[in-house]
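I have placed the structure first, in the form of structure tokens, so that the comments after it can refer back to it.
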Amino acid sequence: MKLKTALLISAMALAPAIASAADKTVGFSQIGSESGWRAAETTVTKQQAEERGIDLKFADAQQKQENQIKALRSFIAQGVDAILLAPVVATGWDSVLEEAQDAEIPVILLDRKVDASDDLYMTAVTSDTVYEGEVAGKWLVDAVGSEECRVVELQGTTGSSPAIDRKAGFEKAIADAPNITIVRSQTGDFTRAQGKVVMESFLKAEGAENICALYAHNDDMAVGAIQAIKEAGATPGDDILVVAIDAVPDMHLAIANGEANATVELTPNMAGPAFDILDAYWADGTMPPKWVQTESRLYTADDDNQAIYEMKKGLGY
Amino acid sequence: MTETRKPALRATAIDKFFAGAIALDQVDLTLYPGEVHALLGENGAGKSTLIKCITGAYHRDGGTIELDGSPIDPRGPVESQALGIGTVYQEVNLLENMTVADNLFLGWQPMRAGMVDRRRMNRRAAEILAGYGLHIDPSLLLSSYSIAIQQVVAIARAVELSGKVLILDEPTASLDREEIDLLFSVVRELTARGMAVVFITHFLDQVFEISDRATVLRNGRVVGTRKLADVTQGDIVELMLGRHLEATKRKSQQTEPGDAILSLKDFGKRGMIDPFDLDLRQGEVVGLAGLLGSGRTETCKVIFGVVSADRGSAQLRGTPVRLSSPRTALEHRLGLCPEDRKTDGIVGDLSVRENIILSLQARQGWTRPLSRSRINAIVDEYVKALDIRLASPDMPIRLLSGGNQQKALLARWLATEPDILILDEPTRGIDVGAHAEIIQLIERLCAQGMALIVASSEMEELVAYSTRVIVLRDRRQVRELQGDEITTDRIVKSISQGESAA
Amino acid sequence: MIGATFRRITPQLIILGIVLLLNFLVFPGFFSIEFQNGRLFGNLIDVLNRGAPVALLSIGMTLVIATKGIDLSVGAVMAIAGAVAASVVTGGGGWFTALIAALAAGLLCGLWNGVLVAFLRVQPIVATLVLMVAGRGVAQLITEGKIMTFLNEGLIFLGAGTILGLPTPIIIWLAMGTLVTFVVRRTALGMLIEAIGINETASRLAGINSRVLLLAVYLISGVCAATAGVIVAADIKGADANNAGLWMELDAILAVVIGGNSLLGGRFSIVASLLGALIIQSVNSVILLSGMPPEFNLVIKALIIIVILVIQSPTVKHALYLLRASAGSAVPEAHAVGPRNSPAKETRS
């Protein structure tokens, strides 16, 4: 795929400016900026709104639901045309969503879902985390062919839903490949430092020569693990294949340097599809399905990772 | 008192060993119903150990205990309490942040429908306390009452729970005269009801005031049990020490005081001590007399900078100084042995050695540690000079007896070679032997030319060593006594009449 | 002197030995150390290397706890120091400038805590809680919420380099531990810190300047935390403000406690705390090497630590002492061996 197309899909997704979207006001209640990905989502959302001439009212909740509820009430009071909500927790939204419904303001959930009746919101735009794991697993199945492959797995925070889903998706993908086995699986808490520490113990316990691939539930852990592999005297990306999920800039750089092999993108562009849905709704009242999945695109060494790295770096990752 | 009566409690041939050392050696103690029995002895004689063996806090190594004629073997204070032996300690063992009623009924609260019946509890508490002549509101926090009342609440609790034998371990140590009277009236009330009371104290006057008999312990052995009606204080002291205590008589006249060293003008702190003037000369002891709360301790504190004065001026050998903190006082070669040894004096877990060099080291600063040989020399010198009795200077100071702790604190200050030493109640709560030694030390230091300020509630003591006595009342200096004026009579008169300062 | 120190840390040495043996049982190759790529390579080296942050924190924490205080902010200070170091090198500064800037940030944080505790008399747990919460925010402001990666070789060397085959962090914590121990024990600082921890009123009345000492321990704690923060950032070539040092203050406190130091202040041993840090890291190592599913991590860790703390409890110690005394031929010397709460404390003058 050409770089230009990639950019279009991944971040910009330039939709033709439709007249009906212009001069509309949309409120966006963001969780906060607890991770680079979250910061990128904020940046992309603002860019998307600007492209389409939408007046975006942005509210940072600093990880607090009460702040989000306040922001939503304020959006309702201001009479915005629609609300984007990235909910910090799943429960406790019913009454404020009802208020929005009473005011006839459509609400679109971004990135996460809530435990509320689905007629209280228009739709939820999220990625499919199980599918992300599947894409990573499929890549590995294709990459190793019929060779024996002993895989070590760096899990996300124990008990968190992305960790559970990404593990399940990966296991589903390799279920039909008896030559691929997960020999060690331990949590790296989604952090770079723990990724490195845990990978060190994997390397000691199994021996670098006995590990064929690393699957990490996020790129940060993979980046940490890559350093551990190098310090153990092995070559990441070659002796040990590295596949992870998220597609953060540093991972693109690692792929560009040949130290990692593949990553599945969790796109920060949740707002693009959301605005598309709103455009269609404002144009002719089209109602979307209750769940809109974002694309989980696979990046490998075939892409121009250096260029993607440069571009993504500016998004606030 | 007829000895043919059945004893309430009889402990026979109690033995207790600690790591090879004998703490109690064949100790007998017999209590009759309705008597107050004083348990006397120097610190470390084995009084507390005996009590702990009786209540089961310690496991005795030999001997029998009979309560009302039947042998008992309590394995802890809770069990002995249930059997009928209640104990009240000097530091009240109650919960200050709960109400009086809570404290009285903790563990056996009256219940209704699974809940504490607070109304009934408060009413019962008021009734019980009224029986002790206390008419207070039991629904208020314990901490809102004085130590004496807390003490009575503790006694009431012990009596309600036990009811046969009551052990009072130094109950009067922190009480003033009126409070002691209250306590004693409660004790008399209890003995009239037939309880046996064990009274442990250092105050011999109080022993003779309230007790019927006394058992004296020395080095873990009973040296005698006496009916107090038949003996004098001197007899008891002789038993305790095993020797005659030299009567502390006032010497004709000490050495002539030297030059003025500290001069305080209009010195005071609002709410603590009214402004006063004081000229302190080398080689004199200025005694501070007065009742509890009269300003003795406050005077010591404000001079040493524990609380800095808010008015007046201080001159040290003619040079104006600001005594704003203990640290600056230390730098100006002042020293203070505080009244409350445990909380303000010793650093319990540090060794005796470290406690002795603490102030000297503090003055040198942390960057210039004293050398090991210097420390050893200082510690050896003062351990010997003050006859501090210890197994090793490396043992934590909290393990020493009260008298030895006090000597170690004196050593701490003497090691700094002070010009002025302030002693606040230097002999409180320590045994008779150490008491005499400290008084001798005060006289010796004075003779060497040191200037001392000594606050004490023991007037005989002040009379013995003071060059001058300043009498305080209601936080004000009311009188200064000099030379032949210094007698207990005059001091008492000055305190009670509040004569205006001459 | 040496004998007393050895006796003090005997329980920690025994526990460390047992946990290391546990490592050996779950992974027989545990004790093998190889020399490859110019560095020592082995699980034992990992324990020493990965234990570095908690070991460094425990040095400062020991002193703070000895004064009856606590420093909850060390994890956040790590994040700040890492962020400062990273922003200096990404801004074109050298590694040494970055290190100095990070340590200065640590000192500043220590100063903040110290002033609150020593001068404004705020309770230590409250005073340091402020920085624990706010500090991570400061670090996030510096990194703008992302992982600030860097490629400065000098800085990376501090976390991932080797000196004579030993990973740099090991050298750093050993050096820091030795330095601080030397300073507190060769000067009177240690004794004065213990004095104010045991009885601050009495110490003040004895003429000790408790404010300056309190300030000093929080400054030392800040510097130790900053050093740990630089190591952690250098190790992953990036300052991760969200996660660097997260909850590590609890591990540091635990290390001090496993080291047999009382949370009520007073007598302390830095060596014992360092052993405590190594014990914690060895427990982590057991978990990683055992290959158990991560759901068991916290349960295993909790179980091992409960056992360690129970063994160290005064009651159990006393029971062991009695056992020894009754089984042993000679009655032990009362004050040298007797546990703190034994009845042996009664002395007779």
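First chain written, first letter: the chains are A, B and C, and each begins at residue 1.
We take it that a residue touches a chain if its C-beta (ideal position, glycine included) is under 8 Å from a C-beta of that chain, and two chains touch if they have at least 3 such contacts.
Bear in mind that the values here come from a model prediction, so they are computed numbers and not experimental data.
Enquirer: If you take the mean of the Cα atoms for each chain, which one ends up farthest from subunit C?
Expert: Checked the centroid distances; the maximum from subunit C is B.
Enquirer: Closest chain to the protein CA centroid?
Expert: Chain closest to the assembly's C-alpha mean: C.
Enquirer: When the C-alpha atoms of subunit A and subunit C are each averaged to a single point, how far apart are the two points in Å?
Expert: One centre to the other, that is 37 Å.
Enquirer: Report, in whole Å, the distance between the mean C-alpha point of subunit B and the mean C-alpha point of subunit C.
Expert: Taking the average C-alpha coordinate of subunit B and of subunit C, the gap between them is 42 Å.
Enquirer: Express in whole angstrom the distance between the two chain centres, defined as the mean CA positions of subunit A and subunit B.
Expert: The separation of the two C-alpha centroids amounts to 72 Å.
Enquirer: Inside the complex, what are the residues of subunit B that reach subunit C?
Expert: Per the touch definition, subunit B meets subunit C at residues 18-21, 23, 42-46, 48-49, 58, 219-220, 304, 306, 325-327, 329-331, 336, 338, 343-350, 354, 358-359, 361-370, 389-392, 395, 398-401, 403-404, 412.
Enquirer: Taking the touch rule as given, give the residues of subunit A at its contact with subunit C in the complex, in rising order.
Expert: 33-36, 38-39, 155, 158-159, 184-187, 189-194, 196-198, 200-201, 204-205, 220, 223-224, 227, 231-233, 250, 316-317
Enquirer: Sort out for me which residues of subunit C touch subunit B in the complex.
Expert: It is residues 186-189, 191-192, 194-195, 198-199, 201-209, 213, 266-267, 331-335, 338, 343-349 of subunit C that touch subunit B.
Enquirer: Name, in rising order, each residue of subunit C that touches subunit A in their complex.
Expert: Those in contact with subunit A are residues 27, 29, 36-37, 39, 41-43, 46, 50, 140, 144-147, 149, 160, 232, 235-238, 240, 242-244, 246, 285, 288-289, 291, 293-295, 297.
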